[in-house]
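Shown next, in structure tokens, is the structure this report addresses.
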């Protein structure tokens, strides 16, 4: 099944530094990627910032017929994502995928969540 | 009226296991489907996971000129949806429909909600 | 300026019956409509339900170069919108508009919010 | 890299007047803009209201390969954005950008968040 696009953008990015709960209630942002096709997806992420050059690519594989919910706070190579700072991301894949963005914010006593399908460019 | 598309994807999926409130405040995720047309929609859902083959199809009917808000935690056949685990879904229909995704998270003292129109592929 | 589309759908609809706060913190859903053009928009809404025929049209005007944030709980003619019940809506206009959907849920001690651009059909 | 569109609309707009937290937990709305291209983006925002003529343009620059998360409550010229009042916005750019809209609502003890990719017109 061919489903989705090969280039996606998430203009919003902000990982709160604090959190009141245990994992998985720590504040985090996620790029939920679905590869409904029959070939593995080789995905590259590039992060953009307000005041410096982009950082990347970060590389992950979403296997055929699998979903990967990638947490931005777990990206390490080539550099971790700073907390409490704005960023944006561009995601490219060699085969079509679908990307949805979520944030869990647990800085206060009750968590807050938000989501949107990313921009397919 | 012909409105929508015949294939949709929701890359995000996560049903929290706990909840502080009575129904309808239990944590859940929903695929809100609108069939504004004059023919019944025969809908199939397939669920995708990080580490195993897809499960499905789940089958539902959205009658002509009706909406169905399908809760993922009530899917039973061919298998229930695991809680506290990432998944994604692909929804196909034999006539055009519109699909919107929501989550209610009531793990903490106050509930949290999120929504997005699904990806039309 | 011509901006938007003439037909929109919101597959999600649910107005919680309770609320902990005063206005504007009562639970509600809103169709935010933007008419950036130079002609008034004559808008019709039709509501869809799980188990009965659609209700409508509800009629509103969004004047030229204006926005109207229409609360579903204030619709009266031809019938009020039931609370604690699923619905969906189709919005048509004689000139292009942009529609975004929001819900404020204040059933618990802290409010929750969600939004998405509607489906342009 | 050419990514995005040159005209965007956000039909929802509402900046709550109160807030329980310190910055950055004050209630606010943000237009997250990503310019993944190699030329600076000259961006103009125009705000729409229910009962008066649009206000603008507000002008900002999103440099090449940068993101700007623009808070509406910090707009000053030609006029500040009223709080506790509905508005909408149209965003134009001389080069393609991607726009995502968010609101943080901290009027109650726990914050609430929502987001959606804007409408690309």
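When the chains are written out, they are named A, B, C and D in that same order, and each has its own residue count from 1.
The rule is short, and it goes like this: a contact is a pair of C-beta atoms (placed from the backbone, for glycine too) under 8 Å apart; a residue touches a chain by one contact, two chains touch by 3 or more.
What you are looking at is a predicted structure, and each value in this text was computed from that prediction instead of being measured.
For the pair chain A and chain B, the fraction of shared interface numbers is less than half, so the two copies use mostly different residues to meet. Fitting chain A to chain D on Cα positions gives a rotation angle of 90°, stated in steps of 5. By residue number, over half of the contacts seen at C-D repeat in one listed pair from A-C, B-D or B-C, namely B-C. Spacing of chain A relative to chain B, judged by their CA centroids, is 21 angstrom. Inter-chain centre distance (chain B to chain D, centres taken as mean C-alpha positions): 30 Å.
Looking at chain B, residues 108-117 sit in touch with two or more other chains.
Arrangement of the chains shown, judged by which pairs touch: all-to-all, with no pair of chains left without contact. Chain contact summary for the complex, chain A toward chain D: residues 7, 9-14, 48-51, 53-54, 84, 86-88, 90, 101, 103, 105, 107-119, 121. Chain A meets chain C in the complex at residues 108-110, 112, 114, 116. Per the touch definition, chain C reaches chain D in the complex via residues 1, 3-4, 21, 24-25, 30, 32-34, 36, 65-69, 98-100, 102, 109-117, 120.
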